[in-house]
């Protein structure tokens, strides 16, 4: 069965789960490099100071990458029955095709249409955004990924609650500053949604400097918010630190008899 | 006793403590949605670019929400004897009415007065602030809330001391900058309270850019303060991280026999 | 021995180490309040918009506080032999007088001289700085203080090394930006000491916005420095988090038999 | 064998690994001081406001430091056979000469050429950069260094993945802002590489204020990115906190029987 053995060999090259040795296969390394190069090209293309005069080259490169991604997508679809994750189930290829990884792969192919057909500039710009998603494919190749996902998942309620508390804090802050400085700086604090921009920038300690209070009362309230921002950073960090500790300890206990 | 069983059924809908299954009841989910919608409406109303011309609609919506909140408040007061927390004690409804949750519920009803009566614009603006408190009701519905409260409570002394040390550091910093740049930038560093605004903005690493030192000495002192700001972030984060670790380990030990 | 018992009674009021119950004695609470009020007055006095016309009142208040602090200082010196920490040693009062706490107490008395005598404005301004030190006295009254000191002390080598690495990183960054933007923005990046201000502001993520790169190379290098700044925050936080965990666990182990 | 014993004595002075007592030998302390002084001089020399008129003095000092560093380099090369790390292997001195420490030492000598010969100003400026590397020698003298290296090394995969996720997040953010504000602020968001500068400054919470969104959509997206920046700080901090905990616990377990 040469066709069967070819599929087996290809699956060993493409599916990191089937690989006995650690690390990535040569084919996956090349695909990873292609994704990074394609993403870099898509980013550089937007900078007209660099890309002007190379329109044809960029379009040709885009078509080549698109063809390579179409072939990769079809190959991954073909090898699905080799994967222990899908083989036992009914409709394995359909199940794979609706998985997150496969949908991202499919979306990464769409910009090729924009390269072939003319397309309006607005449509093109939207499709260009999708190219960046190609990078998300890098993530699923890593096994260290699991640790981070487990840590965040085990504390998802606490992290969500922290996020909720931060939102409430931002709302209260923006209401207070709207009340304190709304009349003096109407374009910056003239409504709660406008003040909210200030609250986000202050609580996350970004502090661009486009919006800041000018009255003594506003500065006092703003100072309280900035100090609370320290807490906003400390809470999720503390939660994640203890989560990572647990993940590593659980792994050690699993190893010990 | 149909009235008794009605109260029992209502209590099961409104009091998450009486619920055997995890999650929120349908009634509480609807109330949560109403609180979020009411808060969103109150926020949008302040932005005249959106709300202009819809004054009547906003006032009508406000009255509807207010009526719903009054009914909820009375219902929660009625079901108090069903709660194991209050049932055994004397004067259960009075005890509940002075609890934090009930006071927040009551305050959330006040803006309805502003919607009915005319009220001065200043009074209205103050009452609008209270609407945001409606959001605080979301918090008490969550059980993950307990973990965060336990963690912060177990380290309240260390966190307060960190806060105290940060305040002393801010005072020393503002005194030093008042001394170093008070004569050159009198409107920004001309007194310790004025310098304090700079100290808060620098130590919390917000850095708006409205106030910064211009002399070599001022920059040197400011650099030391900025580096100390890293410590100000590191201290509470480290304290909270160890607190969350303890909370999770304590829960695990409680589960194990 | 009435004098002995008076000294004993006073020591129980002033020395928190001799107190069997937790918390502060009434005398210490009053002294703490006086220190906070005196510091607040000293801060407000610098703001001429508030203090103008109240010169006499501020001077009188300063003299009263000074007298109270002189009495406190002498009282603390008198009760030294009651303290188990000093009683057994030779020259107990001299040993106490050169301790950190006693020196801070003594320095806090000096501004009274400035209030009595005229003094030059420059001398006065310097002495005013010392008043803030009065606040440092608050710290030593707390017992939670020990946990923080133990945690920092147990990781002092790692924290110092982190500080050293941050300094080297700042030096390398400022040299690179001096090289990249020195010619274009000579007043901001024209020398390594000038670039250093930018490096401190960027690595601590303060980002005032008075100095920032304008070339593509400068922005690229600056981006690397900003990302390294995240590491600069993560390192001491991680070190302190594990230190606080250890301190709490050590205390628990000490309690368990 | 007086030459042998001289080499032995010198090795005990220069190689901290051979030293039985903790701390640094007198010779190493002096060398450390010289490195700091030489680096300080190199930094100050770039500030013409200070160094103008002292060109000769700076050049003379540079030659002295250079000669001292050449002697140190040759001495370290001579004592290599005394080190247990290199003595057993073939070609010990060549092995040492290509080690990281020796290469840094060699690079630190190069600026002396610039001091002797004239050299073009551009070449000189590049060589001056190397002087800072002298400071890296301080690091290898410390033993606390090992803890930090072990902690980072044990979590290198997670830290790299966090860095990768941050890069993807920055790319997605810059694409979104390029789409939202590219037409309004073409010099700031006119291409993805230009938006990337904004993404770095926002995600690291530096926030200079030279680039910020002005539309409601841009502010909304920017707010999401700023909040995600908190996560970007929390992730590596949490990972490092658990790593430091492990390093300290492992050391304790190694001590216990």
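Just so it is clear, A, B, C and D label the chains in written order, and each chain counts residues from 1 on its own.
In this section, contacts are C-beta pairs under 8 Å (C-beta built on N, C-alpha and C of every residue); 3 or more make two chains touch, one makes a residue touch a chain.
All values reported here derive from a predicted model rather than from experimental measurement.
Taking shared numbers over all numbers used, the chain C to chain D interface scores under half, which places it in the different class. Chain A maps onto chain B through a rotation of 90°, based on Cα atoms and reported in steps of 5.
Centroid analysis (C-alpha atoms only) places B farthest from chain D. Centroids of chain C and chain D (each the mean of its C-alpha atoms) stand 30 Å apart. Between chain B and chain D the centroid-to-centroid distance comes to 43 Å (mean Cα coordinates, whole Å). For chain D, residues that reach two or more other chains under the stated contact definition are 196, 205-209, 233, 237-239, 241-242, 245.
Of all the residues in chain B, the ones that touch chain A in their complex are 39, 42-44, 46-49, 125-126, 128-129, 132, 135-136, 138-139, 142, 144-145, 147-148, 151, 163, 166, 196-197, 200-201, 204-210, 232-233, 236-245, 247-248. Interface residues of chain B facing chain D in the complex, by the touch rule stated above, are 205-209, 237-238, 241.
Contacts from chain B toward chain C in the complex involve residues 157-158, 160-162, 164-165, 168, 171-172, 175-176, 178-179, 190-194, 196, 202, 205-209, 212, 219, 222-223, 226-227, 229-231, 233-235, 237-239, 241-242, 245-246.
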